[in-house]
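A short worksheet on the structure shown next.
Which chain is which? They are A, B and C, in the order written, and residues in each are numbered from 1.
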Amino acid sequence: MSKRLTGATGTSLIGGTEARSSRSLPVLLIPIGVVGAALAPVPLWIGDSRVLMGVAVLGLAFACYAIGFNVIFGSTGQLFLCVGALAGIGGYGAAILADTVGLPITASILVATLAATFTGGLLSFIAVRRSLGVIFTGIVTLIFTLSFDALLLGLSDLTGGDTGRLIDSGAGTFLRDQIPPYYLMLALVLVFLLIHGLLRRSHIGWAFRALRDDEVAAELAGIDVARYRVYGALIGAAMLGLAGSTYAFTEGRLSPTTYGFGQVDVVVLVMLAFGGIGTLFGPIVGAVTFTIVDEILIEFGQLRQVAYGILIIVLFLRMPRGVIPTVASLWRRVRGLEGSEDSETTDSATGNLEVVSAESHSAE
Amino acid sequence: MLEVTGFSAGYQGNDVVHEVAFRVDPGEAVMIIGSNGAGKTTLFRAMCGLLSSSSGKVLFGGDDITGLPAERIARLGMRFVSAERHLFPRMTVQENLLLGAYPGRPDPETMSVVLELFPRLAERLRQHVGTMSGGEQQMLAVGRALMSKPQLLVLDEPSTGLAPLLAQATYEALGVLRQRGLTVLVAEQQVPLAMAFSDRGYVLENGFIRLQGTTEELAANPGIRSAYLGVT
Amino acid sequence: MIANILDGIVLGLQFGLLATGLTLVYGLGGVLNLAYGQMAVTSAMMVAFAMDAGIPALPAVGIGLLAGGLLGLFLDQTILRPVYRLHDEPRVLLSLLLTLGVSFIVDGFLIWRYPLKALTLHIGGGAVEILGVPMRRGSLVASAITLITFVALFLFFQRTTLGRAVRSVIEDEEGARLVGIYPDRMLRLILVLSGVLAALVAITRSMVTPVNTTSGLSITVFALIVTVVGGLGNVAGALLAGIILGIVSVVAADLIGSYISLIILLGAAAVTILIRPAGLLGVKE
């Protein structure tokens, strides 16, 4: 009974476990619909403020980024520290295509998204070909991020360098209004959730779980681990590119800090660690929480980085699976539904972190 | 000198060695024999602090050393030469030997005793360990352990991977050391070698001590003779 | 060109010493310290504060070096405690994440409180000619100090018992334990040493160009690049990689541009990981 609730993917409040994959679509659509319904009325409350709406739109963009990263890291255990850079390929790519090359906006977004997808897939392909472990994958993708940043600064004619550039395309359309971008990004969020949810229920999702739980066993069972890793990277990178490029047009201006490591990757990591890596709604919980918290703490300016630092330490020491799963399993334990299964390692991403938490506690 | 009682140890909650008890008195040569997988390595590793035990006690020189980490036990006068030897590959023979005396200062007299015992090492003092043969590495492992002038030398299958002549030579060197007063505990799969060397022995099978006695007693035991000595 | 190469060597020596601290900690303890740059910057700031308070340069530098060592000790005693209970990959991962958190805390605080603070050590005197190129005294003094430090490190590791003991833990931790060496004490020593080295590099760097509170991240990045190219855990590799990359960096920046120079360095690290992960002088496992 408890196995079915926890599943092999680590605790997830709502979402795919082996037993549920045969259930029909509504089980997936209902919670997504709830999320949509919960987030839809936000403009009613803050729609007057351009600043706050901007924050909200950015928050939804981060939710998209977090879902994309969740697919790459949470599903296939690849530590891609290039979330911002992939979104940036989407954003800067689409902006340059639309303004400088003159493509229509939709086409620009499409091409830029494809570029990001290809890059993500390429990085993953290289990583699996060279059997890079988690650490080296992280280092290589970090190198990519830093190179992308240097490239943005270097090609200042195209990119506007340090100060960034304005995006002319889309000016005067609904994209730059106060409220429509919010619903545009919200639509993306819901679509991404749906894709991720369907993915988890599909045979691809089953392969993801298998390769996370035990890579060697998965290989022996005939799963081409390399191929599924690249699939995961392709899908996640596509999400990142699409979100990055769409966001660019709603924002109207870009600079290296829009997609920088410290501004995007770190934040997404914290959001996901908080909400729950590998869970379906973890990214939403994390993104909403931190958008609100960040806004509340806005007066503290630079000091917020201190808060993030403390948070990273606390999160990865105490709650490596994220707040939601930890609270959920505590709740289940209180109700007597689980034994000591919480310390079982699940996927390689959270698995490593679980080892961390379990072992650091066993010695206390 | 060494007394082990009720000792159980294993990996991740599963015991491989169960309630083992044995003793080694000063000046003795004691063997623990058993086939592959009997648990000899697990027993020694747990006893010497590389692995945690689940129950039992280890007394060395009257002091309770159960559960102490390997580095502490090494400083108390019990030196372990493991089957994998764990030498320092990119360091020279000389450096490996000098480190054997840690934390004390390397005693030149001890060094010359060791080199006298293993002349091949003296020839290769400046050579890097990684380039040496298995036999030479084994000699170095024993030599390194001796540099600290231990009271008890514990060896796990010293004949592993060695040609018969070399294994023989190793035991001969141990024999010389015995005559000079060293107490030795050895785990061995190659029973005849161990028997020629030891005074007493214990037989470990599937993690349990099944038999014990003097070498003569064990050699005369029909079960031992058929299982380990190939006599029918 | 010769000027570029000489400048490159000056920079490269610093790269090498910087990477030495990071690579030793990884090679011995399996810990990736992403707060390394912040250790360097904080130590440099201590020197700056001391000098502001009127303390003469030399004692102020001593304070900085002490601060670096203490920071290393602090990491060992606090943040890294939970990391030590793990081994291999989970250990590296957790150390990476926790030290990343520390780097944010330090950066956030320093940049918030002292956004414009910088350390600059002026070495008086005119330029000195080396191979026909006028070199600033600051660069020469910095390089001399760095070279002396390397020699001292070499003597320590090769000639002293303690240095040998440290090397043995890097070689084979279990073997070291079997001869009575305490790996955790050695790691503590190396962490303190890495802190001192970080401080030393920041201080000598300030003789060439100002070191300010925002430099933390780039210091860590450069240290990481050189460490990876030189081979994780390999001090000689760090020195060699440092000098090569230093020269490449200066030459590329002069010929092409500073952004491309950085990309080349990053590319070198990426190529190393992909083609020869053990690094220039690393041992293939």
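FYI, a contact is a pair of C-beta atoms (placed from the backbone, for glycine too) under 8 Å apart; a residue touches a chain by one contact, two chains touch by 3 or more.
Everything numeric in this text was worked out from a predicted model, so none of it was measured.
Novice: With chains as vertices and touches as edges, which is it: line, ring, star, complete or other?
Specialist: If you draw each chain as a dot and join those that touch, you get an open line.
Novice: Can you name the chain whose C-alpha mean lies closest to the mean of all the C-alpha atoms?
Specialist: The chain sitting closest to the overall C-alpha centre is C.
Novice: Quick check: which two chains are joined by the most contacting C-beta pairs?
Specialist: Going pair by pair, the biggest contact count turns up for A-C.
Novice: State, to the nearest whole Å, the distance from the C-alpha centre of chain B to the C-alpha centre of chain C.
Specialist: For chain B versus chain C, the centre distance works out to 42 Å.
Novice: Distance between chain A and chain B based on Cα centroids, please, to the nearest Å.
Specialist: 54
Novice: Which whole number of Å gives the spacing of the CA centres of chain A and chain C?
Specialist: So the centre of chain A lies 33 Å away from the centre of chain C.
Novice: So in the complex, the part of chain C that touches chain A is made up of which residues?
Specialist: Residues in contact with chain A: 32, 79, 82, 85-86, 89-90, 92-94, 96-98, 100-109, 111-112, 115, 217, 221, 224-225, 228, 257, 259-260, 262-263, 266-267, 269-270, 273-274, 277.
Novice: Which of the residues in chain B come into contact with chain C in the complex?
Specialist: Chain B residues touching chain C: 48-50, 69-72, 74-75, 79-82, 85-91, 95, 98-100, 102-103, 105, 144-145, 148.
Novice: Note which residues of chain C are touching chain B in the complex, please.
Specialist: So the residues of chain C touching chain B come out as 161, 164-165, 167-168, 171-172, 174-183, 283.
Novice: Please name which positions on chain A make contact with chain C in the complex.
Specialist: Residue list for chain A touching chain C: 126, 130, 132-136, 138-140, 143-144, 146-147, 150-151, 153-154, 262, 266, 301-313, 316-317, 352-353, 355-356, 359-360, 363.
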